[in-house]
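Given below, in the form of structure tokens, are the structures.
In the two assemblies presented below, chain A is common to both, partnered first by chain B and then by chain C.
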Partner chain A sequence: METKTMFKIARDFSSEPFGRYPSDGPFNGEKFREDILRPLLSRYSIVTVDIDGTEGYGSSFLEEAFGGLVRKGYFTAEDLRHHLKISSHAAAFRTYVTSIWKYIDQASNDRATA
Partner chain B sequence: MEFIHLVRDEIFIKRRRGLVLDFTPIQSISTDSALLLVSEMDRWRRATFQRRLRAINVDKWHPSVRTTLRDLGFFELLRLPNWLVGGNAEAPDGSKILKFRAGTGYGGKLAREVRIALEQIAGPIQTANFLHDGITEAMLNARHHAYPGDFRPEIPVIPEFWVTGAWHPAKRLLRIMVLDQGVGIPESIRQGTDPFHVKVMVWVAQKANLRNDADIIEGAMRTSRTSTGLAGRGHGFDNMAEFINNSADGRLRILSDRGEVVYEHGGTINTRLLPVSLGGTLIEWEVRL
Partner chain C sequence: MEDWRDKLLWLAVGAVVGWFGQVASRRYSIRTDAIGSRIDETCDAADELANVASKYWALSPRDANLAAIAREVRVKNHALRSLVGYLGDDINNLTGFIDEPLERLSELATGGNFDVMGRAADPSLELNIRTSATEFKLACRVAERSYFRAIL
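The block that comes next holds the complex of A and B.
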């Protein structure tokens, strides 16, 4: 496994990530998870995702992209805390960092209680 | 709302021909009322090809009513030329309103267009990302829930949403609205079976016996703020409130069916049962920049 990589959503995926599913549009959370995030986490020991520079992030996109990693059983929350870093330098975007980890933890709790 | 119901009744139920609109007695019209009127005209234009609705005595309408409807795109729907509706005259109070945009919520580009158009009239919006998030949540709600397959409305609907914004410079007030003609949030939740809908109805049952539309919208809002055990669902209302929470002052208003819920900056929630149904959902953000 290679060591580390950084992925910048605004530059390398879309400046307008939107929705959960392909039926919502081309730059949806499921696509980001399945085509980008999951492969990177399987290939690199540390994946840093830079979230700055987009129009924003709806909860649907973030929950599907990040919470979905746990909800689908691909990784545990503990795995992600070791291997996933969320990077943001914009003050207004730091709330998304908190949200991402909230969705990951909620997905973990949901799996534990299911 | 009574007027909108009258228009719907005359056009779609009684199928009257030769209807005219004369707003001469009206002194003012709010942006949300104007958007509702525009969506009705859009519904008329696209759903009834044979009936012609006319506006008369437009030159006698109050200037603020005329400019609000003109800027929103109302007269374009009625195919009235710009010179007849006041040319490019500014609104008496200097307010600026965006021409409405309609869409299906695919892709999210519309949210960026609205943000750019708002910043052209109001200047930079420091918390624009939260505005984007709120608008996209409203769009996705309309897309996923407003027009379910078993929706059988009494009158034709256009399965889209309408968006506009307004800037009132004297008060430094920014307003953004997203409107749909769908089944409504309360009915969608009553009929829904996913964990979020069930949790909302449990909250409502504990609060009041009547389970009216306003209670259900409030339940959705409160459940969204504490959403766990919902398989990743139910964050939308919380997302919508973030623009208010991250502004100096403001409120989020949700009108759907007969319910109205207002979330104020600081967290207070007030509810009201309306005398008649909106026939869809209106989500409105109002913030002071």
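The block that comes next holds the complex of A and C.
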């Protein structure tokens, strides 16, 4: 397993990510999770996702992309705490970091109670 | 003669202290005004998000304006989150006050089936969205009051 990598959403995926499923738009949460996040997390021990510079994120995109990693059973919230870093240097994007971890923990709780 | 010199000296010291006091009070007043207006702006942004999100969720999935209004909701959501981010630089422990209400409002406006093609219209969300916006604004005011109390 390689050590670490950095993925910048605005530069390497889309400056306008939105939607939950592929039918909702080309740069949706499911696509980001399946084509980008999951492979990166399987290949690298530390994946840093830089969320700055986009037009913002809807909760549906973030929940599907990040919460979905746990909901689908690919990783546990504990795994993600060790291997996934969410980076934001801009004040405008700071609150999304809290949201992403909230969706991950929520998905973990939902799985535990299911 | 010496008596006059002492009086002059104390007068000068008093003037300097008074001048510093005035400068400090002016700076304090400018800062409190700036933070107060930033909080007003943030509360307005919450109302704007609530208005456009209520409109979005009341639309039928077949409405021609759906995509445009969804984009407007995303933009307003980002504007609100940006303002909160910048406000966090000014007010310590802001997150303790407004994180939860912000998440609730943002989740109601842009979560669930938001941006999902063919999602059902849900006008009942309007009440929840507006209630969340009010809770968010209330939390902002509590944060503001707590901040001013702490620096006084």
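One rule holds for everything that comes next: the second predicted complex is superposed on the first by the 114 of 114 C-alpha atoms of A that agree within 3 Å, B and C clash if a C-alpha of one lies under 4 Å from a C-alpha of the other, contacts with A are read in each partner's own complex, and residues count from 1 in each chain.
As a convention for this text, a contact is a pair of C-beta atoms (placed from the backbone, for glycine too) under 8 Å apart; a residue touches a chain by one contact, two chains touch by 3 or more.
Keep in mind that what you see is a predicted model, and the values were worked out from it rather than measured.
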Touching partner for A:86 - first (chain B), second (chain C), both, neither: neither
Which of chain B and chain C A:107 touches, first, second, both or neither: first
Partner chain(s) touched by A:37 [first = chain B, second = chain C, both, neither]: neither
Touching partner for A:25 - first (chain B), second (chain C), both, neither: both
Touching partner for A:56 - first (chain B), second (chain C), both, neither: both
Which superposed partner A:67 touches (first chain B, second chain C, both, neither): first
Touched partner set for A:98, first chain B, second chain C, both or neither: second
Chain B and chain C contact sites that coincide on chain A, given as residue numbers: 18-20, 24-25, 55-60, 63, 92-93, 95
Parts of chain A lying in touch with chain B, wherever the complex brings them together: 16-20, 24-27, 54-60, 63-64, 67-68, 71, 92-93, 95, 103, 106-107, 109-110, 113
Chain C contact footprint on chain A (complex, rising order): 18-21, 23-25, 28, 55-61, 63, 90-96, 98-99, 102
List of chain C residues in touch with chain A within their complex: 70-71, 73-75, 77-78, 81-82, 84-86, 88-89, 95, 99, 102-103, 106-107, 109-118
Footprint of chain A on chain B - complex, ascending: 105-109, 111-112, 115, 126-133, 136-137, 140, 143, 227-232, 235-236, 238-239, 242, 246
